[in-house]
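These are the structures in question, set out in turn.
Each of the two complexes below includes chain A, the first together with chain B, the second together with chain C.
Our next item is the complex of A and B:
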């Protein structure tokens, strides 16, 4: 691993300034994606700026119609939070199925969302729950936030401070995990907001996507059976050694049903 | 170089490290604590699991400089006063290892499990072991050891409380 200058700022302003002052600076949160990337030599930043000293990015708060989760909150904290379990149990369950216990003890919401791995779990939850990503300079609707493979609308020196998750009436997640990495071969997050339903899929393709036919069927009748016969075309889906596109297309249907059943 | 002060197995450590030094490198190469192993480049195997402030983490995926003021416990710090930790004793009794390469990580990981859940089911133990790869045992005796340790620790607590 190439060496770098290390910064441990105590405020968001200092963190942004450190990044602006660096040739090729990168933020560090839980390190569960970034440190493996460094170890494999896939990134060679000149400066690493640790965000973990920023207390503004901590904590889970009840915002009335939404739950606000700080960017530095770990997957383990979301999994075990009484507030999240009470208002959005599907989100707590999802967090409890990310990777393994050691990854969940370090990995953070902000890091997952910024990294935007095409098989990560949080992005599906953000899209289905109509969440808002809050940064040091603006608020971004999740539908505008994710751009594609490891790509978001974040600027180089922009810091996610929290994500606001509306308290959907119902929310559930179905995941078929890779046995090796635990990332989603296919993950489907479903959420019901009054008369509107969102079905968001991760892992199946290079981009997260919604399934309009499923959303309409569930809006008309909220039940796993309502999804019978709805098929997702395999054309744009991933094929790899673990699952080909046709199998992933099949899994989208099965995981969507499990998500609806889990949501109750 | 950066200076970092932390506590490792109860002793204060104050060292100079390059910022790119991983915690596992500090432990093995500077502090000679070679019980913590490295089994992969991808943060997946769990051979390197230690406790940082009481939580199990992969020491290959944490920078040493991040640990200013932290308390780190490695496999060498589990035994107290010459007595094996009940988890180490249970691995010994149930033959929860073969080559032993994964064992320090598995023991540190499952000690953390029992802190959160003192009577896990077999399924919960297996799920918890998601982050620890063992190429020898097929996990069977590892799971037996963890369940036996949980039973003994509960029985010990009960007799201590009497």
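Our next item is the complex of A and C:
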């Protein structure tokens, strides 16, 4: 690990200024992806700006038609929040399936979303729930936010402050985790917003994707059985030792059904 | 009477420091002015080293030196030796290539160290190592065992034609063939035993220093056997005489075999500490551990069993290829031969067993003993085969085992392959385990699971293993290049407290407690009065360390013998003080007593007299109360038992969930049931880990694909149900404690029960074979293939 300058700003403006003033600065939230990358020497930033002191980024609030979750809220807080469990139980369940208890106690919503790991759980939830990513300067629809492998539309010095999750009528998550890493080999988040249904898949591909055939079938009839016979082609899916593309394609179908069953 | 003696659930004395973060591990050792080593490792599985340019690294301020294999060769030092000579069936010695700590000409596996940088800081050493330019010619490699045994596979060593180190056999082949001729049926099986990575929680580390005034070295290292490290470094590697080399293995965080062997890194730290004039420290990171710790298992086997239609097992024929890696590690050639093949009889009465094992070099890190070492491979093969026989003959698998197993009144039992089992009661263990898991109620549970769409299965494994390594003469006859006895010193202090010195080494086993319990029992005191010392060659005369479940059976027996000597000397002192004949003095409950009288002397009073000998039999005895013993066992010990695993498989995903495990083991006398429960739990987790999750995967070209915890699955607590652990004890007949050993039983007994359970669960799908690890993808695919095959019929 290379030496770096460490900043502990007290406001979003100070954090942004610190990053702007750095040669190659990097924001630190929960550090569950960033610290391992730093330790392995895969990232060698000149400056690390810890966001932990930004109290504006904390807290879970009821926004009426949505739940607003601060970027520094940990997965464990989402998992156990009565507000989330009441309004979006599927989201609480999803947070409870991230990594292991140590990861959930440190890892944050904003950090996970900004990192945009293709095997992370949150991207599927944000897409299916039609969430909005709020930053220090704008609001970004989740469908515009995730670009690809570890890529988002965030500016270099832009900080996520919160994510707004609309209160979907129904929401559920089906996850097939890697036995080794606990990342999603396949994670399917389903959500019903009135007559519209979204089915978003994480882990299976380099970027989240939606399954139109499943969305149509579920919009017509909300039940796991409605997904019978809908096959996701394996062509663009990931292959690794633990799960090849054909197996992943099969798991998308199984996990989608389980997500619908879980959503009730 | 002792309240903390043999058989008591005494809390571990060492746990306070371990659980509060106060353990003192090698990485906790920091010496004044120490520098740090970082190794330059080959990224290639096989590459010729044309040259090494270290000029840029050497120009960095704070870099103290860069050394290569050429420097080692120039110093005319030796290589890391193999501790066991195996001979091929044609009489030839094993092919035993040199293993220098830094590869001088050819790197032979990914991670093979080719140079070392010594620098003032750890960060600088690492950075400078990245500046060392090695000119490699990348060459074709045999990255897997399957590839290495193909006809035109790249050769790891020029002397090892076909990559064969040895082509060894055991057993009477003519008798085996005769038995096959009278069989009703020959049942065949092919199995692989997956290669795994030990993954001790504490990575390997070393801190070495050289004292120019005394011309001597001190090496702190993560070792299971510091005396063996000193012996090998003295006699073979560096020719440092033993009185000039102190080896200390302080607290060690797990080993599972991987910390038996001398490794390049600790040798290089010792070597360079003299060159740079300051202590040299190295601690592996986890990525280095994956590519440089000796791996375990790695077999490909074909076997046939000859049976009668009534289920009688007649004979067994086994042909195994065993992965050795690129160099012969210390026990590399013993593990797949003498620690494997003699157990191929299992617990069964077969007329003849013949085994042929070919030890194969591959372009991978060395493979050596890993918890169980050869015996899990044998047990896996035998117990898979027994289930296959049961299936082909249509005989109940439990009844087939009962019919063929050695009965309790048949001990001592001479097997057709070397070993003579002294005691055991295999059927009692089987019955204990069957009852614990409610085997009789299984079909109801299977039906209930089926109603939920789940496939439930149950699998049985009945096993015997050989441990307590080892009777030296017998081991020597089989090729061991060292004795395998153990030593102990009992030092009684003037006020009666005791320090025990043992040549075994605790790296998590709880010796500080269990060994104290032995002495407490014998001397009639409490364990608080007793301290156990281990791990320092300057404190303890000699020892062979801890592996092969030997510490209690061999080391504990030495402690028992030495304690008996203390009691005997004390008896003479007591006789003098009590004015009686020594023959008339009993020692019981911590007191010497004149038979038939109320004249008693507590042990402490006798100890005090030994050191303050005002009234003392000086003509007959020397003062002091300290005794030593070397114990060489008369035979191996043979723990055995039965492990049963129950699983549920989700047919939609292939996920195998372990829902119940019962283990009934005969490990001889139990010193501390709590520690033993923990040992069994840990072994079961490792065994189930091998069966379901763990696999060291190299590609054909020798790149390690499972090189991090992102893709190598370590089992987690949440993966398991509560284990049902039980015992049925028959005491070992040839050691003073009656103990057999417990360290390895879990990882030996349980893997075949897991796979047998998986295959039992999959029976309705038509799947008849699955290899370890039975991952979800593998199980799902097997189901799909069986479906397709059935559809095609």
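What to note about this one:
One rule holds in what follows: the second predicted complex is superposed on the first by the 264 of 264 C-alpha atoms of A that agree within 3 Å, B and C clash if a C-alpha of one lies under 4 Å from a C-alpha of the other, contacts with A are read in each partner's own complex, and residues count from 1 in each chain.
Definition applied: a contact is a pair of C-beta atoms (placed from the backbone, for glycine too) under 8 Å apart; a residue touches a chain by one contact, two chains touch by 3 or more.
Keep in mind the model is a prediction, meaning the values are calculated, not measured.
When both complexes are overlaid on chain A, the residue A:247 reaches chain C alone and has no touch with chain B.
Residue contacts after overlaying the shared chain place A:143 against neither chain B nor chain C. Of the two partner chains placed around the shared chain by superposition, chain B and chain C are both touched by A:1. Contacts of A:261 after superposition on the shared chain: neither chain B nor chain C is touched.
Applying the stated contact rule after C-alpha superposition, one finds that A:58 touches neither chain B nor chain C.
In the superposition on chain A, A:38 contacts chain B only, with no contact to chain C. Using the contact criterion defined above for the overlaid structures, shared-chain residue A:102 touches chain B, although it does not reach chain C.
In the superposition on chain A, contact is made by A:180 with both chain B and chain C. Chain A residues 1-3, 40, 100, 180-181 lie at the interface with chain B in one structure and with chain C in the other. Within the complex, the chain C residues that touch chain A are 123, 287, 652-653, 693, 697, 705-706, 709-714, 716, 775-777, 780-781. Considering their complex, residues 1-6, 8, 28, 31-32, 35-36, 38-40, 48, 50, 52, 76, 99-103, 105-106, 180-182 of chain A touch chain B.
Of all residues in chain B, only 2, 18-20, 22, 41-44, 46, 49, 55-58, 60-63, 65-66, 68, 109, 112-113, 128, 130-132 touch chain A in the complex they form. Listed in rising order, the residues of chain A touching chain C in the complex are 1-3, 40, 100, 176, 178-181, 183, 240-244, 247, 250-251, 254.
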